[in-house]
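Each structure below appears as structure tokens.
Two complexes are shown next, each including chain A; its partner changes from chain B in the first to chain C in the second.
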Partner chain A sequence: MSQRFNRRSLLRGALGGCAVTLGLPALDLFLDGHGQAWADGKRLPVRFGTYFWGLGLTDTPAGGSRWVPTTVGPDYEITPELEPLRPVKDKVSVLSGFRVIGDGRPNLVHWTGHAAILSGVAPAAINRMDGPSFDTRVADAIGGGVRFKVLDASASGKVVSYSTRTGSAFATPDTTPVELYTRLFGPGFQDPNRPDWTPDPSIMLQQSVLSAVTDQRQALLADVGRADRVKLDQYFTSVRELEQQLALGLERPEPCESCAAPPEPEAPKRGASIDVVNSNTRTMAKLLAMALACNQAKVFNFVHTPGASETYIPGESKIYHQITHDEPTDARLGYQIETSRLAGLVMEGLGAFLTELDAIKEGDGTLLDRTLVMAFSDTGYAKIHSIENIPIFLAGGAGGRHRTGQHIAGKGEAVTRVSLTAQQLVGVSVGEFGVGGMRTSRPITELMA
Partner chain B sequence: MLKWSGAAGAALAIGALTGAGGFAVHTALAAPTASAAATSGAPMIVAARRLTESQYRRSIAEVFGADVRVDGRFEPELRDEGLLAIGSSQLSITPAGFEQYYRLADSIAAQVVAPERRDRLADCRPGSDAAPDEACARRIIAKVGEQLFRRPLTEAEIAPRLRTAALGAERTGDFYEGVALALKSLLVAPEFLFRLERAEPDPAQPNQYRLDGYSKASRLSFLFWDAPPDADLRRAAETGELHTADGLRRQLTRLVGSPRLRDGARAFFTDMLQLEHFDGLTKDPNAYPKFSQALADSAREQTLRTTIDLLIDKRRDYRELFTSNSTFINRHLAAVYQVPFTSTQEWSPFTFPKEAGRSGILTEVTFLSLFSHPAASSPTRRGVKLHEIFMCEPTPAPPADVDFSKVQALEQGTVRTRLLAHMDNEGCAACHRVSDPAGLALEHFDGIGQRRMFENGQPIDVSAEVNGARFVGAQGLGTYLSTQRKIPACLVRNVYAYGVGKAPDERDEDYLADQTEAFAKDGYRVPEMMARIAESPEFFKVKLPARARPATTVAAAPAGETGGMP
Partner chain C sequence: MKRSIRLRVALALAAALAAPAPALAAWTRGFAVEWYEPAMYYGAKSGTTEPGTDCPAGTNPEPDWIKVLIDAGYTREQALWLRNPANPTRSPVHGQNQMAFRGAGRANVYINPTSTPDGGLVGVSGDIGEGLDLDDDPTTGFVSPTGERGIDNAFYRALGCWKTFRGPPRLSSGALSSNDAMRDGAWTMVVVLEGRGQDPMNDDDVTVGFYLSQDKLVKDAAGGVAPDYTFRIKPDRKLEAIFKARSVNGRIVSTRPMDEVWMRDAGMARELQLLKARLDLTLQPDGGLSGYVGGYRPWKPVYDGYVRARGPVIEALTWVRLPDVYYALRRHADYSPTGPNGEKTHISFAYRVSAIPAFVLTPDAKRSARATSYKALARPEDSAPEPSPFNVVDGIVVPKGAKAESLPESALLPPSSTTAAGGAP
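Let's look at the complex of A and B:
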């Protein structure tokens, strides 16, 4: 990032995307042979996503762990609960030992952990955050110029997202593969590789529909109180995003090498058992990956299972959450056997998700190489609602900026260091993150190329 | 125990988080107290309540006809201080949500300009179906707009829509295509999607504000009918009739006397009873093979039918909700209740015999299955929800640092054994002592409401003691609850909060106590109680909001739902 402004960054910053159409022609020498990826491969857009799962990973009362690698730095060992990450291990950094510093705020169980990671402050009340979640800042910085500024999806059937601009209103996720497919590839999707593209004449009429709405903005906001103004501002921001979506529809999309619109997925089995959630996770990962490859979006939030996860092993009467609390530590093995087994199954979801991103070739690498996924949970050791040693992973090369495949031991430092690092890795211009004891201006430099 | 209230403690200002976008956030009180906002003496918006899904659907049916399909997904609602109606005052519309509203508007507009429906829009025809016609477009926009916005449109609201209609007609060569575009812009407007409540200076009291007539009409209409105001209510708003005691009473008599009161009561109980939990409710198919979407839908309908029949149609004592065994069942429910179903109708009235062990609403499939685990019952959840829903007593979140070493896996015996472990732990006991006994009394019903007497081969003990009162099983619990004064008090609180869209605070306590007293004197009849509340000045009381700060500040409200219960 030494050159702050040049032709490439202008093009990239203005529209991002596969390749762009601007008033000035893109010179061929900047492009690779297909005219759609920048020649050096690193200049394809960087994407960002969050991946959340509930109930952390398993520690042992004696101070050990079923997931933290014993060595620090590159080439960490695969521990039992990390087994599903083996195929993508070299592209995943493991962050252990980071904690929430509450500054006197209570540990709101199954909420404080991820709320602090996302908003930078231990929240005052459950189901609210005291600031915006940082993914919205990433979306503001890099999410423009595409159809969807951010995509939200949830794999367990629950309408759950932790993405918020106001701290009280959270994003609405698509909750089934079919819903997600329809939003991404249903009406309104323009295949960027279609040779016979013509602008849709109805778009200008749609723009007129929305301008009739935005015409009233000033009049409406003139006589409104503070709290209602915030809500109406959010409403008009949403209208604006649709206007931008429509405007993009008038531009000929540049072809995307890796884009191939997927077939509509089958209607899923109902249920929240872990096999169903993982199967949804894989299907939705394919869809999200293709949405990134087709330049429909650059930022996403994915929830595998919510905090205090209610997923379960088919046929068993207890849910995961209950098991984490009730199951005794096995005297011989020193850990909770069933809990650890479930943790391993839950990590299969993450393994599948990352594998799908890695399966799409893009330029000289894969989609995962140009993406940064921050995967994290609500707790560390769930039996005691620990907000220390919350497992966090940074996966994907972030376009060459992330030095992947390392284990970083946080040694009790604030989780916000990870959040700050993630933002900087994808190019958000932010120097510090967090509030009070979690305020930090120190990213994890070992991870930065 | 806590009580739902508006008192959320002192304002917290946590250092502003200022990021790349210059976005700053402060935590502040949900409802800043009255301020000097009214400097100009001009009308102002004092609340923006997002239309609920059912209000949206009913609005479309009212304005365009019940045959217009509304196929789409809605943004999730927010439950705050016990009610979605309170949460709706905090909600906005996200980009994904707006896309959905836009798609819905598209489909609705296309349906209503179709040849077989277009004549309903207004009593005019364009000069030519293939060209713009300003006069007819204006009539349609003004008429439909007034119904959707729940007040007449201003010229500034009509003009841009006329331009859209004309542009559309020109480009497509079809007058009605243009009208569809104009209607679409009404359907996605904030004035439709939010109930914008406006206050105006009160001519009777200098320096005081009152809700304007149209906002009053909407409050009444949504409370009693769950629908936008009809022509007669809008007329009463326009003429000022709603500001007079006689005029208000006349409208209330009409609202309460109408069969549409059922719609309003259905919507209210859907909110209060938290029936939205049916969306996404899943049960383990191995544990409960009888559970299906059809059963879930049937259970929801059973609860609403039974409640409306008892409280609205028969105007019975509210407390009978916990003891009455008269209900309605269909084929799916009969299988779970293990009773024969011989009717040729889809639904049939049914009365459980005493030996069935059931007792009112707490022993319907709805309550028993919603507040259970996927493959097991949960006395704690049931107890917590009983207190939260019917007594307005939310349970605090469990402490984070619980010592779970004594709470071990349940391999044998009944769930009572496991829960007793909580009682040994002081940190847990304060809440579990309150929540669990009531839930344990319901343990003769499994996670979808089927009767059972044994768990893991052991007989289930359903005796309980709450506040010194001892009782046995669901029927003992129902009888106990029907004597508890906080149960009708909670209903009064909920009806008031639902109507005004705000959580009551301490200043409302005397008022609510008086209303509860009147409710008791009147034999706990619900429609009459609703009318008394709507007739009281408190129902239209205006609390001016704090003025808007510069655009970068966001107020986030504290206090949320409890969670994390085992």
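Let's look at the complex of A and C:
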């Protein structure tokens, strides 16, 4: 490798009286001989994403399940509700039997489950978490150096995100494919493979405007009370991220072999019917996948349907949430037939999402191989809002760190073990996660390569 | 010296008044209730909705909501739009508020149930029932599954074919939901037994106390409630039930009905008053305690509890026109506190209770609890009503400060005036 330049070297100069920096492309000089890592030994980027869907999967009051494989370890069987994951089965680990330990806090229905998974503690109040969601910790660890520290998207048209730094203010997602496309590939997008790149003076101007208010920002923070300070902190975090994003806009992006800006999607389909939500999921997955491949972001949060999912089958008058509660268990089959049917349709969304990530070749594998997607829900057995046996999946190779394709049976252990495992798999330097009865320093080592 | 003695006496008296007087108990046993549900005998062989000896036509079917709305004066187009998932006035969590306004003149049927006719909730027609003989008359009521006559449970007669209550033990949807909430920490109920004899299995003077606890149930790795944990009694000005009983071969039966006791309701009423209350519990070989606790409960709070739990949600999830519950309870009410000719404000009822061994301590955690009253130790804040997570007004969820009122006619149809896709046929 060159002694004078490495992949982080910048060429510095001036443009229109302004100082600019110019990044260098991913020259062979900087790569190892296998195309899997930089020549200085650092791996190609690992990405991380959360994928949330509402209402869990189908259990039965008698203890049966439509989704939990009967065997543990590798090569698990595909159960009826896991059928949509078959194409990517070998890249998906199934985690069953994990639960929320409330430490005396009541189950806040359609909230406690995922709030505990993300924040490590059963929340005291609905629509608030008692700490930041761990995706923000992942973003802080691996999400830098790209245009968007985190991307948030919601496929059902609802402004729903469970990503929070403060526990009280949540990220604002893009809610249609067009919105997401515009954010990713509209104004401000720089094609990393374009040969005639030049910095945009308007970006420099925007950055200067933001810098100019730094002192006022700090003064305002000093004047407000604690609650407002929390809100402002979340707001200014996004401002700082915007500043970093603008700064990156003044660097020439590294070429990305798999990056090809997609065409703009058609006008958004609105509505919560399952065909619309799954169609949006697939389209948004393509966009997110290309955003990762184009090195626009390394971390994302995706909400297929919110906790009390309002999705429904076109032509039906009942929504999924209602069906999980009101449908009796079929005496002969032992499960809720319509609920299970909808769960299967909802899982088609996850299957499509992962398939899109797996369709993009990157190096000697696929984008999914270099990504870890933690998919989870708010409940186990939705009929009674159970926070036991919450379905969780870890999908993707995490750059070779995830020993994929296994079924792990949690046997009543805390969901935070999965959250800790996910963080460690993507390289976050964290030794423990969770609070009280859910505090753990034990990752699931069977999943770690 | 005399002053010192007086001071000591005063302190001793103060201490005696501050804490319940120690009883002369020879033995005590503590338990935590791990499950309790209305005693509803299920007469079918499987499932939760199948026809059985209790309900020959099976569980009451789901109403045809389109027809219900049309019968209430809405056009078919309006009814379809109100039930359409794409209708923005239909909340995925709180349901369609307009369902409330189907009484005469668009009255709110949840708070004015008689503004709509009785739809006729089908009740139990079988002869077998669970519970207790509350009137000491073996010629009235059900026959228990073990052949005991005179089981008074009109609550079961009225509501036993309603989906929320129907099913084998521990499998009805209502029992699953409420007990799961309790097990996840919403509340805890403990039981203290004490006796003056030498043998808990056979003791003529047993006292049984039901109390709230300030400590939450603890689950084991399999999701069940773990035994042998310690619970402190939470004094409450109202919710406390103390019974006099005797035990014979481990079966603990009331020696006399208690005029009035109060417990934490496992249903929507939250507070359960029982008049002429009795119990029939059995010490189990595994150390647990199970059986029945019952009495005459006021029926109107049962109905009001469902209204508070959001009428559109209860109706949609439990397959019932809520006013029909009002009519059914009123029709089957069988007790008047003012005498045989008084208004029947109460209905016979029993809980099926299961408790596991536990260490039950006094509120200050300094000693084992006795089956005595702790009401005097309750502070006002200890008995504060449980807050509702939603702003429920007249049975529907509205923004704070808003009224519960019918939508204007213009909002009862989709914007295009044609029924959008997704409407029920």
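Just a few scattered comments:
Simple rule for what comes next: the second predicted complex is superposed on the first by the 406 of 449 C-alpha atoms of A that agree within 3 Å, B and C clash if a C-alpha of one lies under 4 Å from a C-alpha of the other, contacts with A are read in each partner's own complex, and residues count from 1 in each chain.
One rule holds for everything that comes next: a contact is a pair of C-beta atoms (placed from the backbone, for glycine too) under 8 Å apart; a residue touches a chain by one contact, two chains touch by 3 or more.
Please read these numbers as outputs of a predicted model, since none were measured by experiment.
Superposition of the two structures on chain A shows chain C clashing with chain B. Of the two partner chains, chain C is the only one touched by A:G104; chain B is not.
Contact with both chain B and chain C is seen for A:S273 once the two complexes are overlaid on the shared chain. Contacts of A:P265 after superposition on the shared chain: neither chain B nor chain C is touched. In the superposition on chain A, A:E310 contacts both chain B and chain C.
When both complexes are overlaid on chain A, the residue A:G400 reaches neither chain B nor chain C. Looking at the shared chain after the overlay, A:I384 reaches both chain B and chain C. Note on chain A: of its two partners chain C and chain B, the one contacting more of its residues is B.
By the touch criterion defined above, A:P80 reaches neither chain B nor chain C. Of the two partner chains placed by the overlay, chain B and chain C both lie in contact with A:I126. Of the two partner chains, chain B is the only one that A:D152 touches; chain C does not reach it.
Here chain C runs into chain B after the superposition, and of 62-70, 188-196 or 350-358 the stretch doing so is 62-70. Chain A uses residues 106-108, 110, 112, 126, 271-273, 308, 310, 312, 314-319, 321-322, 325-326, 328, 383-385, 387 to touch chain B in one structure and chain C in the other.
Taken in their complex, chain A has these residues touching chain B: 106-112, 119-121, 124-132, 137, 140-141, 148-150, 152, 157-159, 165-169, 171-175, 179, 183, 187, 201, 204-206, 208-213, 215-216, 219-221, 223-239, 241-242, 270-273, 308, 310, 312, 314-319, 321-323, 325-328, 383-385, 387, 428-430, 435-436. Looking at the complex, you find that chain B touches chain A at residues 12, 14-15, 17, 19-21, 23, 25, 27, 30-32, 37, 42-48, 50, 73, 75-76, 78, 90-100, 102-103, 156-157, 160-161, 163-164, 167-168, 171-172, 181-182, 184-185, 188-191, 193-194, 196, 279-280, 282, 284-287, 293, 373-376, 397-402, 404-405, 407-410, 418, 544-549, 551, 553-564, 566. Touching chain A in their complex are the following residues of chain C: 46-50, 59, 62, 65, 83-86, 92-93, 95, 163, 170-171, 173, 176-177, 180-181, 184-186, 215-216, 219-223, 316-319, 389, 421-425.
The part of chain A that touches chain C in the complex is made up of residues 61-62, 99, 101-108, 110, 112, 126, 271-273, 306, 308-310, 312, 314-319, 321-322, 325-326, 328-332, 383-388, 411-413.
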